[in-house]
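Provided herewith is a single structure, encoded as structure tokens, for subsequent inquiry.
To keep things simple, chains are lettered A, B, C and D as they appear, and every chain counts its residues starting from 1.
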Amino acid sequence: MEDVEVRFSPEFAKGDLKSPILLEGLPGIGHVGKLVAEHMIQELGAEKIAEINSIFFPPQVIIREDGVIRLANNELYLYKGETHHLLFLVGDHQSTSGEGHYILADCYLDIAEDLGVRRIYTLGGFGVGHLVDEPRVLSAVNRPELLAAAEAAGAVFQKGEPGGGIVGAAGLLLGLSAYRGIEGICLMGETSGYLVDPKSAASLLRVLTTLLDLRIDPTKLQERGTELERMIQTLIEGERLNRDEELRYIV
Amino acid sequence: MEDVEVRFSPEFAKGDLKSPILLEGLPGIGHVGKLVAEHMIQELGAEKIAEINSIFFPPQVIIREDGVIRLANNELYLYKGETHHLLFLVGDHQSTSGEGHYILADCYLDIAEDLGVRRIYTLGGFGVGHLVDEPRVLSAVNRPELLAAAEAAGAVFQKGEPGGGIVGAAGLLLGLSAYRGIEGICLMGETSGYLVDPKSAASLLRVLTTLLDLRIDPTKLQERGTELERMIQTLIEGERLNRDEELRYIV
Amino acid sequence: MEDVEVRFSPEFAKGDLKSPILLEGLPGIGHVGKLVAEHMIQELGAEKIAEINSIFFPPQVIIREDGVIRLANNELYLYKGETHHLLFLVGDHQSTSGEGHYILADCYLDIAEDLGVRRIYTLGGFGVGHLVDEPRVLSAVNRPELLAAAEAAGAVFQKGEPGGGIVGAAGLLLGLSAYRGIEGICLMGETSGYLVDPKSAASLLRVLTTLLDLRIDPTKLQERGTELERMIQTLIEGERLNRDEELRYIV
Amino acid sequence: MEDVEVRFSPEFAKGDLKSPILLEGLPGIGHVGKLVAEHMIQELGAEKIAEINSIFFPPQVIIREDGVIRLANNELYLYKGETHHLLFLVGDHQSTSGEGHYILADCYLDIAEDLGVRRIYTLGGFGVGHLVDEPRVLSAVNRPELLAAAEAAGAVFQKGEPGGGIVGAAGLLLGLSAYRGIEGICLMGETSGYLVDPKSAASLLRVLTTLLDLRIDPTKLQERGTELERMIQTLIEGERLNRDEELRYIV
């Protein structure tokens, strides 16, 4: 297999896309970005157009509710909005290695460029280590002129936040797309960092839909956050029980 | 050397295979899969047809009882059943890296496809963290229509189990074979996860032989489990004594 | 993307270089080398001529003061001195993997050779585990005849120091350049190893400017050291808050 | 640079070799193999014929007593014995990664095959976790018929020892050379595993010189062991002081 394998569904025709925008919502701090992107996919009825597998994802399969497995993967969903078509990049995992992060992000940008994407939004969380009553939405951009748009939509830019830069796909997609002439805006919902955070996701969704000039009902975010938290706890527990390195790899 | 090297024995002729089925029983949780596969190889008198070496296996050799070493490896055994020939994939180790897991599984499927395999059974354990009196056998499949066959043979599918998905070869062989049109069923014996578990292996063997329409005496499973447990403890102790990272790699 | 990508600014013309010397001041013990190199760049008004990205750098972006991100990178600056042009290699990070250290150092030497560099100074710290009142500057070289020049400028060579050899770019650039016929001198400021150390940097700067026959005001080293220490603490705190491996990589 | 680079000295002519035998004595448990090989090189006056660098060695340089650095490396020395020429493979390090162990061992065997080597001795320690008064020398081979020769020279083979197999170059050179038709014998001196062990080295030297039909004075082994122990302690201390991951790799 290739290091990264992309399989588009046979029905998908890239010629049909109208001014496509890419939105990245992979797992991360507080799963804020993942929650927002998956909520939008559900509410908008976006359709899956591609599956992405990679040797840089964890070597495991996920068991669906019907007992059928699928490889840990990332996926692309398409929503055909009036003025813009939206491509959502979501999935189970980010890369397990630093090198893989770069190689995957570069691959995602190959796809974006090939599909004619001119703007990317990356969605994430911004951990502050304590509960937040009214989570702000921070922004960072890959061109100076984009900051005003983000701020007009309710995002804030605070010098020195987040202090640790932006790690993973949310950061690399912005950094690498600059060399391709693609605009990139990162939106980060303030969050404790300890739990899936629907409240932070609601703040982020508000800013993002303003930027996209869309209306999306936030009601089910709370419910989806609770469900996601439950799934994660099940996975962590399952992994804990099924990880015995000494037994697994010796003889 | 290649990243993965496969050496078939000169006597082996792939043209002779009859409707071959691949059974994977590499080391894993409770070594349930390994125990079942090696027990079947012994009881059926299956013959070794290939050795597989890889830079993704631990960099070490094993000392046989006669003082002759051999590389840590994986092996293929063949049993010529009446209706189906069975290919057993067994060995000392799984990959030491995540990327290696994918590359090895992909290589195993190249072999399977080349040999005309249309169905794969992967055998493993399912850790629950406590002793189990009557271990169930869980199943997961790579096509919905296979679940009924597994259940008819005594396997159960319980939504949400195992919570952590399936890690390593047992999972990847199923996930990756779906893209090649090969049917895959994973059988997992319930086990504490702490020790080699012959009881769980006996349950798994019962389901598997029903699926394969074979009769195999389970009597020696207990004895083989004890022997395997002893070997593992010797290896762990040997590794503990012969691992001094500071001394080994400096000067 | 390539494993290492080098982008020269369009204005840069390598034909204009006069007897260029490479100075490496990447992050390291006490950030002594980084502090000296960045201080010289500021004081001399050196200009950026190239940006270097690599999959071996951490997968993250840095947020500039104006809210615009940039990839973690290494950079080359040029100062056109009278007798020698100086090329400064500075940046955010060294490689995250051992293999990457070699591949990056080799790439830097490809650039150096291509630009006609005949001598390299690598700048670093030498950790002693306690505060030092009058930090010495240790030296090591890649040709015996270079030691006298370093000592004449105030560096000392003490047999057995530093005991652990020289790790990372400061060492590899010397070791690998020997095979290319490039002279290399490593200067290491004695430092506790716990904090950014402007005092050690001042000692190193004195020796280096003597070797280069340059005058550089050391006054602002203290201030730059304090600023660098502050930035590092912010980054460490930011990373601590935004690193939750379990949440990030599972579902 | 290549992943592994081998530089033969210009004076070396492989056509002059007479029935060459390869002896591997890289760092390992108790540094028994390293001590024996380096002692033999000194006592026999063997000459360096090649230097080996690799991205799989730690990314660092060693500072020689004259202040000149050299890359961490492995080296080949040649002693022209009457009946056999001896090639010694010694060095500072083994691979830092599992994959690198395989790739390096395979490269060493390419060299061995190219030079006409028909037999390899790998030398190591065998950790037992406690002090040993009269250290035995254990053996393992890659062909059954070799065991008798080792035993005739004083080595013992004890079923189940060492329990953990043989890790690193000493094991892989034996395992991989079997596929090339090269004979391999591993000799392991019993040792506590905690310190450089000249006593174990003396036992190993006795067996090895019997096998090679050579006489080598063991007197200086004790002194060389003490010197090696001192060097290792200096390096460990130096590394401890000069390793501050947070400072090194952030900003």
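Just a few scattered comments:
One rule holds for everything that comes next: contacts are C-beta pairs under 8 Å (C-beta built on N, C-alpha and C of every residue); 3 or more make two chains touch, one makes a residue touch a chain.
From a predicted model like this one, the values you see are computed outputs, not experimental measurements.
Greatest Cα centroid separation from chain D: this falls to A. Two copies of one sequence, chain C and chain D, touch each other mainly through non-matching residues, since under half of the numbers at the interface are common to both. Chain B and chain C have CA centres that are 50 Å apart. Between chain B and chain D, the centres computed from C-alpha atoms are 35 Å apart. Counting partners per residue, chain D has 58, 96, 235-236, 239 as the residues that reach two or more other chains. Pairs of chains meeting the touch criterion are A-B, A-C, B-D, C-D. Residues 27-31, 58, 62, 92-96, 98-99, 101-103, 105-106, 125-129, 139-144, 147, 157, 159-168, 171-172, 174-176, 178-179, 186, 193-194, 196, 228, 231-232, 235-236, 239 of chain A are the ones that touch chain C when the two sit in their complex. Across the complex, chain D is touched by residues 1, 7, 55-63, 65-72, 96-97, 234-244, 246-251 of chain B.
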